[in-house]
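Presented below is the structure to which this report refers.
Letters A, B, C and D mark the chains as written, and numbering starts fresh at 1 in each.
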Amino acid sequence: MKKFVNDPQQFVPEMLKGLALANPDTLTYVPEYNLIMRKSGPSDDKVSIVQGSGSGHEPAHVMVVGPGMLDAACPGDVFAAPPMDYVYETTKLVNSAKGVLLLVNNYTGDRMAFDMAQELSLADGITVKTLFIDDDVAVKDSTWTVGRRGVAGNFFVIKAVGAAAEAGADLDELMRIGEKVVSVTRSMGLALTACTPPAKGAPLFELGPDEIEIGVGIHGEPGRRRAKIAPANELVDILLDPVITDLPFVAGDRVALMVNGLGGTPISELYLVYGIAHDKLEALGISVARSYVGEYCTSLDMAGASITLVKLDDEIEGLLAAPAEVGVRIF
Amino acid sequence: MKKFVNDPQQFVPEMLKGLALANPDTLTYVPEYNLIMRKSGPSDDKVSIVQGSGSGHEPAHVMVVGPGMLDAACPGDVFAAPPMDYVYETTKLVNSAKGVLLLVNNYTGDRMAFDMAQELSLADGITVKTLFIDDDVAVKDSTWTVGRRGVAGNFFVIKAVGAAAEAGADLDELMRIGEKVVSVTRSMGLALTACTPPAKGAPLFELGPDEIEIGVGIHGEPGRRRAKIAPANELVDILLDPVITDLPFVAGDRVALMVNGLGGTPISELYLVYGIAHDKLEALGISVARSYVGEYCTSLDMAGASITLVKLDDEIEGLLAAPAEVGVRIF
Amino acid sequence: MTSLSDAEFIVRTIAQTAVDNEKYFGDLDSVVGDGDLGFSLARGFEIVLKDWDSFDRTDAGTFLQKVGITITGRIGGTSGPIWGTAFLRSASVAKAHDGELGGDDVVAMLRSAMEGIMARGGASLGDKTLLDVLAPMTDAIEQGVATGQGGAAVMASAAASARAAAEATTPMIAKRGRAAYTGERSIGSPDAGGVAVAVIAEALAANWDSPEHTQQNTAN
Amino acid sequence: MTSLSDAEFIVRTIAQTAVDNEKYFGDLDSVVGDGDLGFSLARGFEIVLKDWDSFDRTDAGTFLQKVGITITGRIGGTSGPIWGTAFLRSASVAKAHDGELGGDDVVAMLRSAMEGIMARGGASLGDKTLLDVLAPMTDAIEQGVATGQGGAAVMASAAASARAAAEATTPMIAKRGRAAYTGERSIGSPDAGGVAVAVIAEALAANWDSPEHTQQNTAN
């Protein structure tokens, strides 16, 4: 394994420490609970918004704490849902008179940790609601599975409820907005390479030199099927078609289009993918009103990309356009 | 080769097209000259600033065109200086009564293309000056070489002259500021993996599973020496020590610290590196006043990182803090 | 069975086995899962071992409850809530019971643990989870106890049954956990959590008559 | 020598060789350079071939000048300015000369091209660049012309000398171009640009008496 890492067990804490050192005016790091929160702390005039998840998805979610986005993030170790205590302690630390909204990507471990933390917090008299995000169309939503996974689409949920919370919306209103965004957001990803968790020190699965993994999740879980590498035009079809047909998105729709890098794919390739996807959507009469290209929800060093579409209405478009400020910046 | 690419020869044009489609309100793309410029065009109240270079370094430089940064960027093909015509045409397109400043990383091909374009532009009556950037301490600055390379430090030059130009500084003033920033900026990089140019379709050099390349440039040129992978603490020493001793940076200095990803290294690792470097600098009495973590100047999909330090004075610090807006954004 | 010392032996063996098998459990979980099982269990049970002396030892039930709180609160992934629930449920059964715990009580504790896991994570038997190992293992213990076997013999047959059950998960399709997302591709490799249970059962069986267990018993 | 048709043959052969060897030249440049030489030359000379019919053919000098402008303006990397300068300098010598160009003129054109390259890129002989191949190759042509050899024979000895010179760059330390950054590590592989010159010289020698060249001569 070739990575910038000291003791693999300290990978997450050392990353969080660096994040806090780089953003001393805006972020507070609470090492005991892997917790990153706004330096300004919670306000009783605003619902506090928290997202937790496994680590390894940076910038999600520790690097999107800031005005207009999250109030705190409590990640677990790499690809492991946070222990329940982390969530519970985070909830207590950001408690606001207007309540706390917990955003959770739909995975068993995360659901259970947040469920239990919510129970404990409610027992403490904290008003808490939990919203589950499940935008991944790669996973069939049949009765025998655990439902769809939450992947890069969670960015839009955070952005929308973050903006609404800043404008004073109450907890029920945020739940309504968040559920609406989830209901119109769909994603699909593919991997060109496997990722290597520091603690494992080796790739999570083997891909041949010309193989790709389609419908991969963000935890290095293998996807639904393997295929041969193909020209970018075809790869975009593989990602875009199931997304379009799922909601479905139809001619006349206005959408936000996100091309998300999985960690090891350079931004040059992401823009190339963006251009192709944009053209295909416009050809279908679907108009791209907002564009997002870069890394939003990664899988460590995995090369690959996902495409997310959000069907816009005036409310969602306004919330996405609202200003926000986060710890990751280039200035 | 596993990449998002159609025809490798169209890699750069397709990327630029995507960039322009994603930023329809702010950027104009001129396919004939690989040119990305501000949609608003040049203004006679402001010196126009242009940077060109080979492609493959994104976001440098096509993705940092915008208010407070570049007026235009004219990249060549992957790792190849732009043909002289591209530079000349760009200069004509952004011509302003206050003149044009050309920023050039110090490589033979780039120098020659910009020199010739400057000659032609001057003959056309356009006021042009050229500033060379050479921040890479990995290359010894002896008489028999072509001098040092320009690497990620070019970001600070762009940012400083970009801010000053926006405030109305004239061309001579920008040259003074740019030269000052170059004189206090030093960088050093290392690669964990080689990069794969689309047209070559294979890695530019071979690195063993536990080998790293120290002092690597941003074009996949091999570096000065090879070493074994080591803990992040040691890798940071390898990067930081030659940077610190070169200027030298000394106790009492205020600096900007940049940890730049080379394209394939996830931001989690970059923050981990940042935290280590920050601590080491503070231990030496060098205080980190501004922090930059992310991808600024990459080498396609190369895993690795570089560290840049800028010695700050009030003028430079003020210019770095000035607002700017570029095409790459996460909102 | 001197309940507290048995509980101590069992918890310590589970913890030590989790720490010792970090890499192996991680590799098992990376076949069709996300590879974090080993890390999660090892980090969590390290905390159990570190806090070992601090757990209230009023009785076996109290001890198990304190351990369960640590596991629930400090282990990440799916395993924290699942394994923590198992310990907390076992603890409740033990606490409800006055005096020394017999073989029947152990069976009741395990059955309650399984119900807790099902309630917490929504899995049923046949979903290719550790439940598919816990259930036959518990049946084996019940049968051993019913036929009057000694502790070591009961544990040996429990371990054999756990191992066989773990292997029997190989042809199943995962319907819970990260592996479920791969659908049919989860066929062909055993459930990681189930194998972990079998490995732990084997460690318990192997050490049942070891000095650490028997001396501990004597010491109490 | 009917100058224009010779110039056309030479330029076309150079262009075709650059296009045909894109991968090979790129691989050579990636040993210690950045691998773009093949791509830059191929894309640039493709433009030359595409615009082939449009170049002003008033005389050989004018033709070479128009080609040189295209190369200078449209080839990226170091090669555009370097190769473009070579063509522009050769063109100037040819234009200054009235009437048919002889062997001496070709030598003068090459010497002027080398001076132009040195002025543009600052390299000297021994810096491990294509100059270290151009110089001995030009010497060989000069000698062939002086001893009254025919065109094919002159080109054959030029090619042999270019190949030997390209190989002789292997032990040199690069002092110009991207390879220079690797210092001592540039020792042990030949200069990419120098090998490209040798390959082109060999193509010219191999085809000197081919129908494409001789028929072209006859046609004019």
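The criterion applied here is as follows: a residue touches a chain if its C-beta (ideal position, glycine included) is under 8 Å from a C-beta of that chain, and two chains touch if they have at least 3 such contacts.
For clarity, every value in this text was computed on a predicted model and none was experimentally measured.
Trainee: From subunit A, count the fewest steps through touching chains until subunit D is reached.
Mentor: Between subunit A and subunit D, the shortest chain-hopping route counts 2.
Trainee: Tell me, which chains sit next to both subunit B and subunit C?
Mentor: A
Trainee: Using C-alpha centroids, which chain lies at the maximum separation from subunit A?
Mentor: For subunit A, the chain whose C-alpha mean is farthest off is D.
Trainee: Please compute the C-alpha centroid of subunit C, do the same for subunit D, then give the distance between them in whole Å.
Mentor: Centre-to-centre distance between subunit C and subunit D: 76 Å.
Trainee: Taking each chain's centre as its mean C-alpha position, how far apart are subunit A and subunit B in Å?
Mentor: 29
Trainee: Could you put a whole-Å number on the gap between the CA centroids of subunit A and subunit C?
Mentor: That gives a centre separation of 33 Å.
Trainee: With chains as vertices joined when they touch, what's the shape: line, ring, star, complete or other?
Mentor: Here the contact pattern is a line, an open path with two ends.
Trainee: All pairs of touching chains, please: list them by chain label.
Mentor: Between chains, contact exists in these pairs: A-B, A-C, B-D.
Trainee: Using the touch definition up top, name the residues of subunit A that touch subunit C in the complex.
Mentor: My answer: residues 9, 54, 76-86, 88, 107-109, 112-113, 116, 138-140, 144-146, 149, 197, 199-200, 204-205, 217, 219-224.
Trainee: Going by the contact rule set out above, which residues of subunit C touch subunit A in the complex?
Mentor: The contact residues of subunit C facing subunit A are 23, 26-27, 30, 32-36, 38-40, 43-44, 72-82, 84, 120-122, 175-183, 185.
Trainee: Contact residues on subunit A for subunit B in the complex?
Mentor: The contact residues of subunit A facing subunit B are 1-7, 11, 14-19, 21-23, 55-56, 58-59, 63, 159, 192-193, 209-210, 212, 229, 231-233, 235, 263-276, 278-279, 288, 291-296, 298, 300-301, 303, 305, 320, 323-324, 326, 328-331.
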